[in-house]
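All chains are identified by letter, namely A, B, C and D, in their written order; residue positions are counted from 1 within each chain.
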Amino acid sequence: MSSIKIELRQEDVNKIREICTSFKNDPQELINVLHKCQEHFGYLPAEVQEVISNELVVPVAKVYGVVTFYSFFTMTPKGKHPISICMGTACYVRGAEKVLEEFKKELGLQVGQTSADGKFSLSSLRCVGACGLAPVVMVGDKTYGRVAPDDVRNIIKEYE
Amino acid sequence: MEMETIKLTIDNKTVEVPKGTTINKAAKELGIDIPVLCYMELKDLCIENKPAGCRICVVEVQGRRNLAPSCATKCEEGMVVKTHTTRVLNARRTVMEFILSDHPKECLICAKSGNCELQSMAHQLGIKEIPGQEIAAMSTYKKDTSPSIIRDQDKCILCRRCEMMCNEVQTVGALSAVNRGFMATVAPAFEQNLEHSTCTYCGQCVAVCPTGALTEVDNTPDVLRALADPSKTVIVQTAPAVRAALGEMFGMEPGTLVTGKMVTALRALGFDYVFDTDFAADLTIMEEGTELLDRLTRHLNGDKTARLPILTSCCPGWVNFFEEYFPDLKDVPSTAKSPQQMFGAIAKTYFADKIKIDRKDLVVVSIMPCLAKKYECQRDEFSVDGNRDVDFSISTRELASFIKQANLDLNNLEEGEFDAPLGESTGAGVIFGATGGVIEAAVRTAYELHTAKKLDRLDFTELRGLEGVRSATIDFNGLPINIGIAHGLGNARKLLNDVRAGKSLFHAIEVMACPGGCIGGGGQPLHHGNSEIIKARAAAIYREDKQKPLRKSHENPFIIKLYEEFLGKPNSEKAHHLLHTHYFDKKKKIIVKQ
Amino acid sequence: MKKIKSPEELKKLKTEALERLYGKEKIRVRVHMGTSGLASGAKEIYDFLRLELEKRSIEADVIGTGDMGYSFAEPTIEVKRPGETPVVFGNVDKIKADEIIEKYIKNGEYVDGILPVNYQSIY
Amino acid sequence: MPREKMQIIVCGGTSCNGNNGEAVIDNIRLELEANALENDIRVVRSGCFGLCTMGPIVKIMPGDTIYTKVTPDDAHEIVSEHIMKGRKVERLLYKDPEGKKPLTTEKELTSHKKQIRIALRNCGIINPENIEDAIAHKGYEALATVLTELKPQDVIRIIKDSGLRGRGGGGFPTGLKWEIAYKNKSDEKYVVCNADEGDPGAFMDRSVLEGDPHAVLEAMIICGYAIEAHNGLIYIRAEYPLAVARLKSAIQQARDYGLLGKDILGTGFDFDIDIRYGAGAFVCGEETALIHSMEGLRGEPTVKPPFPAESGFRGKPTNVNNVETFACISPIILKGAAWFAGIGTEKSKGTKVFALAGKINNVGLIEVPMGITLREVIFEIGGGIRKGKKFKAAQTGGPSGGCLTEKHLDLPIDFDNLTAAGSMMGSGGLIVMDEDDCMVSVAKFFLDFTVEESCGKCSPCRIGNKRLHELLEHITKGKGTLADLDRLKNMSLVIKDTSLCGLGQSSPNPVLSTLTNFRDEYEAHVTLKKCPAGKCKDLMEYFIISANCVGCTACARVCPVGAITGERKEPHLINPSICIKCGACMEKCKFDAIIIQ
């Protein structure tokens, strides 16, 4: 046990406090608070969780326990162009695995990783509900449907 | 009101139990012991862990689609339960194989070997092999060593007992279940080491861990090295709770007092002097009792700077707790050091002078029921020029192991006597080991010092017991003194919140971090969820008190002598220098980056 | 707007709403814009139709709705000519949308890609 | 606007196409040309009519006449009789199976339309962001009835009588659930809508929320009235931004119109609704886990009892229903319990929304009455299997479900039949697989999902599923033995029998049902070390048929590891020890010279 310092910029601390206050600092609103913070910061670094813990009076271990339970929350910053490959059943059956493999190969990234230049990050997700377009790839907010492994290079090119 | 009861059949036997009883408990009534793994209950302490997660205790309930966890399923009228059908046995075995398939098979060198609930369960279920182990991946995690506790989550079976203790009982919140699925485990925030968490090292997680996932740091090699060094004089102090529990590790009945045998064993192990922390406990009473009377008098005289209640400070887990959670109240607890540290300070000054050796050549070892003591003796403020007042602290469990390593059988040892002068103590020092004991000891002395009258009774039974928060008012010759007692940090937090809010009516509060006090400490022989053991240890402590010729700290002749020869008066400048300390604000700080 | 204070007021509002939204017979186009439709480009079709129908001086309501469930043919739109049963078109891109305006909306001539209604309504 | 001209619509669905549909169109056009009608009569292709077993379909407008099983030779008669003389071609009209009089028009065929839209009644019809459009389509009418004419017990009775069962997967009778919540008296109660749709391949809840959010709000208020609750919560996936946006706007509009909040419709009943977000945990579909998640905790399930109806959100009686269940409530109130109970089978009433996906032509959402057969769903509504391949299995119930096979094609789909067949209704995902799908791999895919989504609380689910997955992986690598199949089965049964919540209790279903229905395929993997579907990389070998190879070198150029050698214009060879089985060569080859062995 030792005293720890958490370093954050004042405006960041203020933002987190503002979010927590907007949920009346109610510990039951932890997940909503985390959503808002991730929306703002793009991810949930340890420092942010520490401040949330402080504001909501929830042990930071518990905050971390929640963050690591839900796949939507992330502690690593996403790339500028986050690439998600839908691995829902419909996409799987129509060959999403091969598309994912191709992305891994082209980007040299594993699922959950972000490229060194911060440009791309790769993730898989469970069903975006565009099963008619399977297999589906999302880059940021843009959806690509009926993606074949051959299309992967061109999709990446759009963002390079 | 008559309690509603329920009749059911378990393994063809009928039993009637109160409504709300679980199948597991109902089965116990019939003498059927359904194996449990994650479930744990410390009945008298109102502590229950019931995640229904391990699924070992499953039973067949007629009409139910799947098997029921007997630990968490309540009996219903007319229920027909079978606890050992082939379906149940196969399920239990297969689940156990699952658990073992994700558990390191290093029992030979595991700290918990021989005392591991998982190991016993594997044995009980007759597991001889784990099918498919060759293709089974294991969930592995970073190892973590802190001054007190070692975490090896590879061995975690996710019983969640530690998490429950840390959060619900202790409200420390250092541990939480983290991650999901196969990689789920219990860890501090960000899976950092305990050192960077809010952990108080109370060790209650270790006390309940069924496997080798949570163990104490083993300091016996350090002690062995010191003993082997001819240039060192090695002395040992033993805490009161140790003598009431050590025997359990040698097959004795819980509650057997082994004070004399323990002394003999320690001497046989090669310690140059075998002393008693009880001596320092008496000293603590002199200092803390005087401080209490001083604050009380000043307070009664209207001195606003004299804050009441005074809080005891002998428990290092408790000290860590308020430094972390109540730093704003850090001037409230007594400044008296814990008995362990008082002992160290006196040993390395008064005693070292007496035997004419340099403090650097004197090694002080403490035997403690506690894991926080390991951290406490490493605190910077408790050393002089890098030389610690107490060099090493080992737990009751480590001592037992040490004794066994030396092929000594405690059962067959003669009764020895502590050495003088730091081995003499009164009954007041002994009762430090049980919740309420410190304050009872303080009352015995403070009453007589304050009123200058002799107490006509010494057993303040109103201060004893296992209830989490207790209070009593003691009549100090017309002055009613309100006393609060809390054991378990969650209970302490309740009293502290009142103090913070200015609502506390107590003059003095005793806090012990561990449920039951030191007898239930994190370094004690494992109770495996049997609170009878803790009760038996408490009884032993009070028995020892009763046998003592002297039962009031201020009557300890060696204490009187210590003041005469060395310290002067209680709370004298010298006493302050050696026997008192100060506290730190250890709350996490949010620092703003410029 | 004012709160509905009784069941009667709700009934009244329903009548008013029906009149306001559906009272006047004109071309009515529903563009199915759920997630799936939008992912297939329904928003572009919606914008295109609004713009083009206005440009071509055809009085029409273009409404964005949820998806119909015809994922295989998205984007889909439904066109209702006054007095006629609505017709759903699938795989609508801008070229197809243009064709639908020119042929079906203007002249009632079908174009390829009609999706037959294959369900029963309950009301 | 010009009047309707005569037009001919020919089904261009894949199934009709495969049945000479193109030739039908060609011949009709030729016939029209022969009669110089090509400029007057338009012939267009349509999407699938959902009458695939009767295809190819030709429809003549106006008049809605439907001709079934039309052959290219019938073109002459259709043009000369119907188009030119206005006489229907009787023999091509659809006759219902009982052989009664022919059904001429599409309208008459309506009763043969397989789909009935109850939950989806307004989806694609109303503007979800305009509450008045919803009100114009009977929105909140049922609420008005409930609040003014019915007592809570009456509402519960109606729902009970309707036979409605939970659409989220469990199939628990909704009315009974409401009744339990009603009977547990408390100062505070909650109505929770479970919109944490997590089954991969199911998106009906999202469609309802996006298309008709008011259907859910209205039903929640009705439920609140019935169980005497005043607070509603919608637990929705954060991954559904559009649904969230439409829901938020619907809630705001409902508040503005006084349909949420205090004194709804002047009846004195108060009810309001809040949104809580899920954050990507499939297990939160389980109600106790969902409630913990709403309380800001890890979404771990707890032992039931106590059920949420006794002790749920914040320890108060809580009724949890899924989106689709709620979407069925208003029509039941308006049209009566008997009407709803008249649809479906004995124990499964009403309709069910399915998300058709996989190797099926008409991927999408359908709503069909309970009791419909798999054959009707796949081969009529679904338009059959893609690329004319052979149907192999349909996976229902998502990762908790199992695979249905050819022998189940005529099984009426309802809760109990699916369970009996080793699968389950689940939330309604229906994934169709064809001959190219390896069932061991499919089981592995679902286990992969479960392993990732297991919360980790109980050991059989946390470790057992991982072990199942590993063993399946072992088998797909050709390293399995026959004994492993027994182990697979035993582990599966124990995981089902001992897991804490529905996730673990059903996660081995994909393994068990494939093991039962496709045992031969498993055996081929372990004994012959072959994957009959040619999916398992480790069990296949790419091979060039030298007779077909023209030596174009395309395969050798595309091979990423240089495993293909051969001279130009000479048959090439694949070196199996270098080949990584990526399949690139096979995709490139224009001469069908590369096969998998």
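Rule of thumb we're sticking to: contacts are C-beta pairs under 8 Å (C-beta built on N, C-alpha and C of every residue); 3 or more make two chains touch, one makes a residue touch a chain.
Values in this document were obtained by computation on a predicted structure and should not be read as measured data.
K.L.:
Among the chains here, which has the CA centroid at the largest distance from subunit A's centroid?
P.N.:
So the farthest one, by centre of C-alpha atoms, is B.
K.L.:
Which chain wins if you rank chains by how close their C-alpha centre is to the centre of all protein C-alpha atoms?
P.N.:
When every chain is reduced to its C-alpha mean, the one closest to the whole-protein mean is A.
K.L.:
In whole angstrom, how far does the Cα centroid of subunit B sit from the Cα centroid of subunit C?
P.N.:
Whole-Å distance between the two chain centres: 72.
K.L.:
Centroid of subunit A to centroid of subunit D, CA atoms only: how many Å?
P.N.:
Distance between chain centres: 27 Å.
K.L.:
Quick one: subunit B and subunit D, Cα centre-to-centre, how many Å?
P.N.:
About 57 Å, centre to centre.
K.L.:
Averaging only over C-alpha atoms, locate the centres of subunit A and subunit B and give their separation in whole Å.
P.N.:
Using C-alpha averages as centres, the distance is 42 Å.
K.L.:
At least two partner chains per residue is the criterion; list those residues in subunit A.
P.N.:
Within subunit A, the residues that touch at least two other chains are 58, 62, 65, 69, 71, 128-129, 131-132.
K.L.:
Which subunit B residues touch at least two other chains?
P.N.:
In subunit B, the residues touching two or more other chains are 177, 179-180.
K.L.:
Could you say which residues in subunit C touch two or more other chains, in rising order?
P.N.:
35-36, 38, 70-73
K.L.:
Just spell out which pairs of chains touch, all of them.
P.N.:
All touching pairs, sorted by chain label, are A-B, A-C, A-D, B-D, C-D.
K.L.:
For the complex, give me every residue of subunit A touching subunit B.
P.N.:
1-10, 13, 46, 49-51, 53-54, 58-65, 68-69, 71
K.L.:
Which part of subunit C faces subunit D closely enough to touch in the complex?
P.N.:
So the residues of subunit C touching subunit D come out as 1, 3-7, 9-11, 13-14, 16-18, 20-22, 30, 32, 34-36, 38, 63-73, 78, 81-82, 84, 90, 106-123.
K.L.:
Which of the residues in subunit B end up touching subunit A in this complex?
P.N.:
Contact set of subunit B toward subunit A: 167, 172-180, 187-191, 194-201, 320, 324, 375, 584-593.
K.L.:
Which residues of subunit D touch subunit C in the complex?
P.N.:
Touch list, subunit D to subunit C: 1-5, 7, 9, 11-12, 42, 44-50, 59, 61, 106, 110-111, 113-118, 120-121, 123-130, 132-133, 135-138, 140-141, 144-145, 147-148, 203, 206-208, 210-212, 240, 242-243, 246, 256-259, 265-266, 331, 335, 361-367, 381, 383.
K.L.:
What does subunit A use to touch subunit D in their complex?
P.N.:
Residue list for subunit A touching subunit D: 26-32, 34-35, 58, 62, 65-66, 69-73, 87-90, 92-94, 98, 125-129, 131-132, 134.
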